[in-house]
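The same chain A turns up in both complexes below, where it pairs with chain B and then with chain C.
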Partner chain A sequence: MRVGLLPAQGGSYRWVMLTLATMGILISALPVAVVTLMSFSAAETSGFPPSEFSLRWYGEVARMFSNEDASSAQSVVDSTLTSLLVAVIVMMISTVVCVPLAYALARGERRIRAGMELLFTLPLVFPLVMLGIAFLLIAEGLAWELGIWRIIIPHIALVLPFVLRNCLSAMGGISVELEEAAISLGAPPLRAIWDIVVPLMKAGILAGLIFALIISFNEFTITFFMYTIDVSTLPIWMYSRTVSSLDPSTLALSVYIIAADVILILLVDKLIAGRANLF
Partner chain B sequence: MSNSTLTRKQALAFAAPAFIAILPFFVACLYILRFSLSGEQGRIEGFSIDAYRNLMTPFFGRSVWLTLRLAFFATVIALMMAVPLAFLLTTLKRPVARRTLTVIILLPMILNLLVQAYGWILLLGPSGALNTVLRNLGIIDRPLFLLFNETGVLLGLIQTSLPLAVFPIVSAVRAISQEHLEAASSLGASNWRIFRDVTLPLLRPALLGAASICFAFNASAFAVPLLLGGRRVQMMGVAIRDMISPLFNWSGAAAAGMILIVMTLFLMIFSAWLVRLTTEKTKG
Partner chain C sequence: MSDTHLHIDGITKRFGDVTALDNIDLRVERGAFVCLLGPSGCGKTTLLRIIAGFEKASQGRMMLDGTDITNLAPHKRGFGMVFQSLALFPHMSVAQNIAYGLKLRKASKAEQRDRVEELLTLIELPQIADRPVSALSGGQRQRVAIARALAIRPQLFLLDEPLSALDAKLRDSMQIELRRLQQKFGVTTVLVTHDQTEAMMLADELVVLNDGHIQQAAPPSTVYQSPANPFVADFIGAANLMPATASAAGTLIVLGQDTGLPVPHHPGSTLRAAVRAENIQLHSVNGSGQGMAQVEFSRNLGPVTEWLVSAQGQEIRVRGVTGFGAAPQVGDQVNLALDAGRISVFTT
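Showing the complex of A and B:
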């Protein structure tokens, strides 16, 4: 029993702590819970509480995805595909660059490591609006035909801190002796890294991959500045659809996104179970 | 460099791809700085500080004050809830319960902000869940307006920044040794006394760190005030967007952004300095 943190009997202390924790849980969970509940409503409007339940809006989402509506400027199918493509490319690139960096930082000088970690954490605390505007200004100034890379490049900067942190904590548990053993048995150093270190880092690498995928897929702010008529993502599509009124079929679509995110978070949590912090 | 197995050249080669990947970010930072000093509003031309001088208006001042105020309150409230949540997360023994709580807390930071905005609109809107419940209970006659004003934005900020506060505190709570608490308890200290005199001082560095990250995150929020504040809550993020989108005042937006960045960076450095000061004091 943890004395002092949350004692089983503790009068006002326990009561206050549990009340605050409950408020925190409610504030975190209620919006998502309400979206989920209302998506099963049978009514046209989003009045609460729903008088009847149905799956009609889920059918509506399926119809949106199957009937390609040529008249809409940017269809939901296109934006979803763009979102997925961007997320997958961001995930691949950020992981491929972070694994060797994590290796270099873990095996290099400690003083350099602290500075580098700080450097690669900067995108996390940098105002997203400013990043969006800066990248937009550059893209406009250069007048290059960037295609989907105009979204991919800022997203990579955004996910690097998360991926690097996962890779670094995965490197933490791997001792130098294992590599040295492989090298002393005649393996070239790069081979030792590829065959010994990378497989041991697997859980951390996978967690980083998934993190990058979730963050890029859900990113709104930077994309809000960078999107064009041709290159737009699912969050932007949802924004343009609901800017005037809230449509129940968007709620059903949201529930799909929530479900995907929950599954991916659980996967990350399982991969790094107890060994590291999420960020 | 005793445990280092890499030469400097090798380390650089390993780090090079990541540098290339993050380079656009640093270019973007410099570009914004340069643009804010431009003599022209629409392009980079010459040097002047007009963009900054033009920001010295009551409107922008109000925006800065509103940003600081909302970010401050959201941070304080998030921290007040984050500490008990961190206790709960570390106390829970069953993996299912711990995992569920982790997902509930982490989801708001990661999930598409639009989905959360829909949630708040459904909860707090004039015909939303809260108003309906309160009206059915006979507590209110007319709907409360909680959306498209500061209350709605504040709630959204608390929700999205809560995970940033909880997880650093969780790792600090894990590091508190059970002996400290047991010693205090066996000496007869009450729960509140242990919390105030043992737990809180031990958590102070983590609390300061979490507070500064939360504050920086909240001060630079864009999607939450945009979606939950409507036009009326002009936090700096939204004000900066408005300079660009209807007004095409690029250099002004860049200057406002620089002010926002300097504000958040200053605060983070200040809190890092405070952390060092307090940890040195507890050690000595």
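Showing the complex of A and C:
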């Protein structure tokens, strides 16, 4: 007979577990729930809880995207396109960097691997504001016309640890003997990597790609230092919109973004199903 | 007439300060089944990896049919290899695994299909072509790995402890299967193992390695019956090693007993005799008489019974057919009779 890990009745143990679990779920889900609820408000300004419900702000978002408002310096359409472009380029570059890097680290010396992993994780532990200032100083110091790359480069630095981790854990399960088997059957080393290692890494690579996309698309802190009149992203636009007028259209917009993110994360979960964790 | 297929000529391999292989010379005959046998860390796997080209020798060269292949890249050697982990490609079906080497050789689709079918029939698994390798049992994986290596019609067939992961019964049937396939293809084969029974059973030529040196290279029966040195005697079939000396008459004296075996050594010289457990017979001493040895332990293994006896402070292993001859019990006094024709004598 199976014995449950939690006592079936009574015991403070059970209560502690339930309370902690509930708190965890509330804390992580609360902002999403509140934003979603408020976005259905019928009122002119954001308030909680909304007194009346409607879909008017969702219509407002649709109108913002279809009717170009020439008067605003940086339109929502422009910043959305910039955000998407940045996210896609960041995604591609970080993958092109991380797949060979993960291969080299996994096959290389253990000591070097530990050091390199630490190095690539540094942007994670660095305060984002400091990172933003540092990148701004570098960009200004260079005095080059960087265009969209002034946002892409910091995003790559931010996203690399996530993509690298995913690729490394994907490499972890691929034994050298698989490659050697391909080589013994007549495959030149690069062909063996292409035929054997890359297909086996695919799930990890795709998971890393999607993380890169989401992190870059939602990034605010560093972008806040780096954006210019010409190059700005959707989170920056949403911030300035919220500061100037507190109507619920930005909330409706974020619900759209949350929905897209959730779909992507479900996809990641499916891709690396069976793995212990996402990072 | 000898027909050398692979000639390993003075191969030395050093890892830093450690010498894994020291000046190895070996000639492998065409179509022969050679087993590299030794304890772990003896260099046998390193030698196989050097043959395959995955490891570079520090010194020496290797000739295949008289052509120097020392510096040939591993993917150009055309040797089929079966790895310890088998290394089947998990994202491919059985047929794709077997056809991979043929695809690289740009064989036509029809050619690939025919060859896959032929091999699957040979390994007696004709119905599994489209299964993913994850759906196979241990024995099936084994056969597929062998088929994949043989599909490319390899010049040399290399196996790195391929049967070590199987349970005893399956291993036994795979050994027969492997030997059968090897003979059918007539492919020159080098297998690495630490299991002496496996090596004895499979090999035409047994190469016993220890400490980076070849201890003996000979047919299994020769290695078994006349081991070249105490290490081989001990490693193959766990012989009893006993101090011995030569008598004035030039015969061998072991445990104070004259065996009558003539030896070409000076009387009184210090020798060592190796006698296998099955070449010793126990004779019970009747009554309260004093024998040469006392039985310390006995165990019945079914067809055979094993005894550990102590004689002159030395522990000696004896094995006899159960129910045949004396069956002394623990504590009994016994005399030992050594089969003089089966004693190996060493000076070191």
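Note that the second predicted complex is superposed on the first by the 266 of 279 C-alpha atoms of A that agree within 3 Å, B and C clash if a C-alpha of one lies under 4 Å from a C-alpha of the other, contacts with A are read in each partner's own complex, and residues count from 1 in each chain.
Operating definition for what follows: a residue touches a chain if its C-beta (ideal position, glycine included) is under 8 Å from a C-beta of that chain, and two chains touch if they have at least 3 such contacts.
Predicted model, so just to flag it, every value in this text is computed and none were measured.
Participant: Check chain A with both chain B and chain C modelled on it and let me know: fit or clash.
Facilitator: fit
Participant: Is A:Pro199 touching anything from chain B or chain C once the two structures are fitted on A? First, second, both or neither.
Facilitator: In the superposition, A:Pro199 contacts chain C only.
Participant: Report for A:Gly24: first if it touches chain B alone, second if chain C alone, otherwise both or neither.
Facilitator: first
Participant: After lining up the shared chain so the two structures overlap, which partner does A:Arg191 touch, if you call chain B first and chain C second: first, second, both or neither?
Facilitator: A:Arg191 contacts chain C only, not chain B.
Participant: Regarding the shared-chain residue A:Thr228, is it in contact with chain B (first), chain C (second), both, or neither?
Facilitator: Neither partner.
Participant: In the overlaid three-chain picture, which partner chain does A:Ala182 touch, first (chain B) or second (chain C), both, or neither?
Facilitator: second
Participant: Counting touched residues of chain A, say whether chain B or chain C comes out ahead.
Facilitator: It is B that touches the greater number of chain A residues.
Participant: Once the two structures are placed together by chain A, how many degrees is the angle at chain A between chain B and chain C, based on Cα centres and rounded to a multiple of 10?
Facilitator: 90
Participant: Now for A:Ser54: first (chain B), second (chain C), both, or neither, which partner does it touch?
Facilitator: Neither chain B nor chain C is touched by A:Ser54.
Participant: Using only C-alpha atoms, work out how near chain B sits to chain C after the chain A superposition, in angstrom.
Facilitator: Checking C-alpha atoms only, chain B sits 8 Å from chain C at its nearest point.
Participant: Touching chain B and also chain C: which chain A residues?
Facilitator: Chain A residues touching both partners: 180.
Participant: So in the complex, which bits of chain B are touching chain A?
Facilitator: Counting only chain B, the residues touching chain A are 1, 3-6, 10-12, 14-15, 17-18, 20-22, 24-25, 27-29, 31-32, 35, 43-44, 80-85, 87-88, 90-91, 99, 101-108, 110-116, 118-123, 125, 127-129, 132, 155, 158-159, 162, 166-168, 170-171, 173, 178, 181-182, 184-185, 190-192, 194-195, 198-199, 213, 216-217, 219-220, 222-223, 236-237, 240-241, 244, 250, 253-254, 257, 260-261, 264-265, 268.
Participant: Touching residues of chain A toward chain B in the complex: what are they?
Facilitator: 2-7, 10-14, 16-18, 20-21, 23-25, 27-35, 38, 46-49, 93-94, 96-98, 100-101, 103-105, 107-109, 112, 116, 119-120, 122-123, 125-138, 141, 153-154, 156-157, 160, 164, 176, 179-180, 214-215, 218, 220-221, 224, 234-235, 238-239, 242, 246, 250-251, 254, 257-258, 261-262, 265-266, 269, 277-279
Participant: Spell out the residues on chain A that touch chain C in their complex, using ranges where they run on.
Facilitator: Going through chain A, the ones touching chain C are 175, 177-178, 180-189, 191-192, 195-196, 199-200.
Participant: Quick one: in the complex, what on chain C touches chain A?
Facilitator: Residue list for chain C touching chain A: 52, 54, 73-81, 83-85, 87-91, 100-101, 104-105, 148-149, 152, 158.
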